[in-house]
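Take a look at these structures.
First chain A sits with chain B, and in the next complex the same chain sits with chain C.
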Partner chain A sequence: MSEHESNIVVIGGGISGLTTATEAAEAGYTVTVLEKDPFLGGRVGRMNKYFPKLCPPVCGLEINYRRVKFNPRISYYTMADVEKISGNAGNYEVSVKLRPRHVNDKCTGCNACTEACPVEVPNEYNAGLNKRKAAYITTEQAFPFQYVIDKAACTGDCGTKCREACKYDAVDMEMQPQSLKIKAGSIVLATGWKPYDAKKIDNLGFGRYRNVITNVMMERLASKNGPTGGQITRPSDGKEAKRVAFVQCAGSRDENHLAFCSAVCCLASLKQATYVREQYPDSEAYFFYIDIRTPGTSYERFLNKIKEDDKVRMIKGKVAKVSEDPATGDVIVEVEDIFAGGKSRVAVDLCVLATGMEPTISELRLPSDIKINENGFAVIGKDQKGIYAVGCVKDPVDVAKSVQGATGAALKAIQTVGRLA
Partner chain B sequence: MEKKYGVYICKGCSIADTVDTEKLAEVATKEHQIPVCKSHDALCSPSGLDLIKGDISGEGVNTVIVAACSPRAKHREFIFPGCIVERANIREFVAWTQEPGTEDTQALAEDYMRLGITKAKNSFPPEPFLLEETNKDVLVIGGGITGMTSALGAADAGYKVILVEKSGELGGWAAKMHKQLPQSYPFEALEENTVKRTIDKVSSHSNIKVYTSAEIEKIAGFPGQYDVSIKTNGTSEQAKAGSVILAAGWRPYDANKLDHLGYGKNPNVITNVQMEEIASSGRITRPSDGKEAKRVAFIQCAGSRDAAHLPYCSSYCCLTSLKQAAYVREKNPNAMAYVLYKDMRTPGQYELFYKSIQNDPGIMLTKGEVTGVSETQNGNLFIDLKDTLLGENIRIEADMVVLATGMEPNTKIDADVLKEWKVKFDEKLKESGGKPDPNAPLEPHKVPNVLKLEYRQGPELPGLEEAYGFADSNYICFQYETRRTGIFAAGSVRQPMHMLGSMEDALGASMKAIQCVEATEKGYSIHPRAWDQTYPEVNLQKCTSCKRCTEECPFGAIEEDAKGTPFHKMTRCRRCGTCLGSCPERVINFKDFSINMISSMFKSMDVPEEGLRLIGLACENDAYPALDALAMNRDRVNPAFRFVPVRCLGNLNLAWIADALSRGIDGMILLGCKFGENYQCHFVRGSELASERLGKLQETLGRLMLEPERVKLVQLSIQDYDKLPEILNDFSEEVGEMEPNPFKEF
Partner chain C sequence: MSEATVVKPDLDFVKEVIAAGGESLKKCYQCATCSVVCNVTPDENPFPRKEMVWAQWGLKEKFQGNPDVWLCHQCNDCTAYCPRGAKPGEVLGAIRKQAIKQYSAPAALVDIVNNKKLLPLIFIVPAVLLALLLSVAGTFGIHEGEVVYSKFASILFLQVVFTPALIFGLAVGVLGVKKFWDDMKKANNVQSGDLKASIIATAKDIAGHQKFKTCDVSGDRYTSHLLVFYSFVALGIATALGVLYIDILGLESPFGFGYGTPVKLFGLIGAVAILAGTILMMSSRFKNEEKLGAGSYYDWLLIGIVGTVGLSGALSWLLRLGGAASVAYPVYFIHLVAVFSLFIYLPYSKLAHLFYRSAAMCFNKYSGREAQSQGAGQS
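== the complex of A and B ==
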């Protein structure tokens, strides 16, 4: 058991958590970031571009990683599970279990373990669209650039190939979980979200038809370091996806699924329509929506710009059913077209479900005075001092709003800790 | 400090399989006479690090050159307190991207060694710029919900706040609201207006000094030492502050421009702002006859999302109309409300509020485009709609119409005001002997409005071309990245937002304001180079007062005296080095980054008579990581290139090009960020300025009788690494087709 003290503990190392951590640390406070994955960066690290600028998220992450690297006041732990939070404002104790990475700090990132590893498993980083080794790193820009061995996937049949391949004595299959206790004045919850399980939306065919994918999968498909090297092709046969349907509110604004609006999906789909249009000049995108929600200045401008492209067809209507033409693998989208009237059927190569965001904060063991509402978001009472929620822990928000909230939460956290001498 | 050099060569990660590390060591020991040069199988391992640490303590080595992996890798391992550390990237740039064992590969590694040593020779430890006294108080401009929340945020963190509100009382628009939207789950019931409580908190807070009926007269100085003049009650008061929050808020779009919706023609067509007043005063009555309005229609996007008015969505109006529809129903259960919208925009959990309104049978929500508002014979109003969900045109009769007018930021300068100022500016320019360009528009930030900064670069925050006057950030992931260091915008002056969003944004700006004064006190830059304690030092004796640096500084950090001699206001500086690049006299330099350093590095390279030698200047945030990414994928990179990172391509000093090419280097490729609309440079115009400077290259190269095509600028994002090998090969081919650089012989 090791013990450690820091002014603030941030749970989650995605864009919200990184923002809170760096903003507080740059004001002089010590911060510990706990990330459950082997790498920082969270969901934004997996995105191809940000709306509406269409700039790469790794650009901002690179700056944030540099802020982390060169700030001695920030510590971070990956593969960290929070087991318990106890104490009160100004005086918390966070118990953490660090899962074994099976690769220690001596790792140079040379890739020899991956080359030696004979095991392949579905790559969850790419939403299962390709495979990875049991010894792996996610992308060229992963941070920390330290490999990890997925022991659950490792069959052990190969003997110790990865260990033998490593010249730096970095592979340690006997590495044990470690316990860690962190004392902190304030805690910021930044555990983020996961895509809503699209299999639960029965009529939209996800899981039954291979060419029905989610918006999160689409980001990986369009990414250069994704499963197809950035080629937007359909999973069933690798054919170029030139006719693509975007089904909005797939689960969101639906009391049987997510009662709230996930706030990002309209813009995400519009952005993804640009991926398709840019890659294939002869492509067509269909955008089926209830309301187009692009609030503010730059988002509305983005919408207007896309509207100028007559190959992006915007159709107001709720998608009633998605099916498959078994002969071709095409996806048939049936929609009640509200303006044109009646039902229309559109056959496409690929159907992207704009699945919403489901908060993951309920997976964390929280002190009893923090409640989770029926939608899965944390409800932090107005009197709550010392624990703050940011990003999608509190409300479905996009990156810009996450950053605003995360910066503000850094202020609340430093208020709790008090002005440094 | 007297430097004692130590060179450490790592043999791991295929380096020793790719290059002859003993020969590589000779560059250090023979060419550069470095006394300590050692190699190790894995320098980053505990024993490798011990080797270096041993020499630091035992041999007095204080300048360490690590020839190993990229400086982006093993960052913490290779920090040695009190030492200058330079990294020669022979893993990513050589071992992982080059063919092992060739002459080219060896030559490349040796050049990286030369570059690293030369850099270390020209690098000095930072001596932070410290103000004699740092004022840490926060000035908040605007006493609406944003300003008050910001003020409380900073005050509760222990900082003194000066709050300046132009009207007679605190509270802004929010205080005038009858009720407020729900701010917490289940997001259903309207809440009593809590702004009064916030006003009380602000008024009674011992850390906050409030000025009402007050305006900023001027703000002079810089972060850590702003001198603020506040005009209040006819007098001028002086105050000091360390940083500034701009929370000047918004104004409703002028409904007089909306006569097509009946405003101004019929007294019963009112705005959503008027509706709050009516609801606050009791029953919902209409202006014409004071009768109760039992059928109230809300027209959404009144002026917003309309190219003829405000092209953007004002974000708050959908929720506000839903709230006001609830007023109508609350005041009289028999009354009806109609909300006529284009798209209902209630993102996030506010969807639950929308749902609760939908469940009220007395509120009719209809999608449609309003084609006209006309008066009925009995003094009521008809609203005509097309493109409805029912598929037909419909007409609604109402007692009163509420226009959901949008918001304009108070930072926006109206076109006619801008025109007036343009005339004044042109006259002033004529007086001083200049020639005004009638077609050049006046940049709005040159017109004094809210901040009234005494900055050479203009009194207000420079806005983005397409932000419609909002003081927004250009960066999605850095919402408070500002072009005027120490001044942070928040709330509806930054982006259209509702009250809850404004309150959150307000706290973010407070955080940045506090962080800025803390960093300033310790001599650190603020974002994005928050770790940086160096700063530009100017040798004024050699300055010719050409004003390039003052004009090009993206952050308004450089002032000038009457003769045009530049003076850095150092705490405004963000250490981007644009001034270093702009200076034709080479007089602006940093301790660890100088014109001479880069020139010396270029001159240190080995230039053989045969074979191409090319230099790549790479932006260290985007292009350099992209080059590293190639290495991670073990892609081959053209061996003619030597890459040198720069803080920003705005660092490009034309002297470098002259120095490199006159040394026999065949060509130079400049890898920088996207510029123009949606620019990605965090120093605003770095790569664009580099590109403009290249316009003057002809002159430089003409003297040397060299082709300007030997220098090329490429806009590249961090994600474009896959395009790099081809870009580099093409450039190498283009240069290869030219005659060899005649300076090789010299």
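== the complex of A and C ==
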């Protein structure tokens, strides 16, 4: 058991948590970031591009990694599970369990352990689109740039081959879980979201038809550091995906699934339509929607720009049935084209379900003064003291709003600490 | 420049639909999930999405001669997948009730029959009427000795009272269908078609319950409806045989053949089917209550009448065999009241669907819409 003290604890090392941490640290406060994954960066790290400017996430994320790395007031822990939060404003104690990485900080990132590792498991970082070794790193931009060994995936003579391959003595299969207690004045919740399980939407064929994928998978397919090196091809046969359907509100605004609007999916799908259109000049994208939700001037402009492309077809009507042509592997989406006044069935190479954001905060054991609303988001009232929330913990929001919110959360946390110090 | 369209909403219509079991109507946000998951809707101008917006906006005239609300079999696949809990299946049921009001004259009777508060009245009136008529005939009361129902209500009495009741119900329904058919032709701009072939094809669809078979979520409705439907067919045949034996061949009950005689056989099959079907209908509604809703008063009234007919009929038979005269005659009286109600309320209760749904299914073939929609729409 080791103890540690900092002004602020940030739970979650995605774009919201990192921004909060760097803002508070650069204002002179000590911050500890707790991340459950082996790497920082969260969901944004997995994206190909941001909307509406269509720049890669390195833009925002890499500079944050640098700010984290060189700021002595920030400490971070990966593979950290928060077990308990006790105390009150100005005087919290956070109990953390650190899972063993099995790779120590002598690691140089030489990739020898991965090459030696005989085990392959589905790569959750790429939403299962490819496999990874049990000894791995997610991408060349991973932070910390330190490999990890997934011991649960290890079988047989686990650890022998990678340990022998490592010239730097960085592999340590005997590493044990550690307990950690952090005393802090304020806590910021930034645990973000996870993609809604598309298998639960039984009429849209995800899990039954291989060429039905989710928007999160599409980001990985289009990413240079993704499973296909950025080639948008379909999972069943690797064929170029030139006719792509985007199915909006797949499980969002739906009381059978997520009752709320996930706020980003329309923009995300429009953005993904540009991936397809840029990669294949003779491609076609179909965008099936209930309403297109792109609020604000810059997002409206983004929508209008995409509408100028007549190969991006906007069809009002929700896709409610999906089937597969077994001979070709094509996906057939069925919709009532409301403006045309009839049902149509469109055969496409690839069908992308715009699945929504499921909040993750309920997975954390929180002090009783934090309420969770009916949609699973944390309710942080105006008079909430000491514990704040940012990003998709409170509402489904995009990156820009998460970053704006992070500055606010940092300020509130600082005020708590400052007032009580 | 396009012409401005002035929408004239009929707010009373909206209120009536909501009151008739469509209280979830306004939740609809027009995503069209319903039209896509529906297995019985045509590809061209599919229902129920468009009906939902018409009803929300109070566009009553759009329902004038609309066959689509009747093509709906209330499988409730739409309701199960509706992302808003708008229950299109229930709303269309409520709209159908309004359609019955439009075509079964007088409309006031539809309101009276389907008004929850008047529930006792709609049974008391026929009960009093039958009791009076039976008293006039001098047979009302408990008869000592072996239980013979013709002591209570003679064959002649049944013919004089029940035959006109059935003819009344059928006539009102047929007149309604005539009006509905003309409206459908006008509203859909259909001049001519092959009526005979359409009727034959519709009869085949109904006989095999082809449309019901395609329901996903409440698939057991196929079985329950089939059972009740054929129980009516069997009981109808039994009654027709009775007429044949008594009035044409001049035989007297029990016709000397015991239970092997066709009239008894059809009667028994009918009794079993009607009871099994209604029990299945009720259990299916309770089973799916959370997601689909248990149905409105209008649904339950019909289930209630049909169930009472079946139960009182079967009990009358058992009590007659048991010789329990003091219970048998009252139960038989209930049976008579239930059957009488079934007949006179035929065009006003939910049972009116047998006229209007059949007509709409037939019209869909007659107008060529059904044939047109098959296999269309691939792009």
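Rule of thumb we're sticking to: the second predicted complex is superposed on the first by the 413 of 421 C-alpha atoms of A that agree within 3 Å, B and C clash if a C-alpha of one lies under 4 Å from a C-alpha of the other, contacts with A are read in each partner's own complex, and residues count from 1 in each chain.
Quick note on the criterion: a contact is a pair of C-beta atoms (placed from the backbone, for glycine too) under 8 Å apart; a residue touches a chain by one contact, two chains touch by 3 or more.
Because the structure is a prediction, the values reported are computed rather than measured.
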{"item": "Chain B versus chain C as contact partner of A:249, first or second or both or neither", "value": "second"}
{"item": "Partner chain in contact with A:71 - chain B first, chain C second, else both or neither", "value": "first"}
{"item": "First (chain B), second (chain C), both or neither touched by A:168", "value": "first"}
{"item": "Partner chain in contact with A:341 - chain B first, chain C second, else both or neither", "value": "both"}
{"item": "Chain A residues touched by each partner, larger count belonging to chain B or chain C", "value": "B"}
{"item": "Interface residues of chain A shared between complexes with chain B and chain C", "value": "253, 338, 341"}
{"item": "Footprint of chain C on chain A - complex, ascending", "value": "203, 249, 253-257, 290, 317-321, 334-336, 338, 341-347"}
{"item": "List of chain A residues in touch with chain B within their complex", "value": "15, 19, 22-24, 26-28, 44, 48, 50, 53-64, 66-67, 69-71, 106, 108-111, 140-141, 145, 167-169, 224, 229-230, 253, 259-261, 263, 291-301, 304, 338-339, 341, 373-375, 377, 379, 382, 395-397, 399-401, 403-412, 414-415, 418-419"}
{"item": "Chain C residues touching chain A - in the complex, by the definition given at the top", "value": "29-37, 41, 43-46, 49, 81, 83-85, 376-379"}
{"item": "Partner chain A, residues of chain B touching it in the complex", "value": "12-14, 41-42, 44-46, 69, 72-76, 153-154, 156-159, 184-186, 305, 311-313, 315, 343-352, 355, 387, 389, 391, 466-468, 470, 472, 475-480, 495-497, 501, 504-512, 514-515, 518-519, 524, 526-528, 530-531, 621-622, 625, 628-629, 632-634, 674, 678, 680, 682, 717-719, 721-722"}
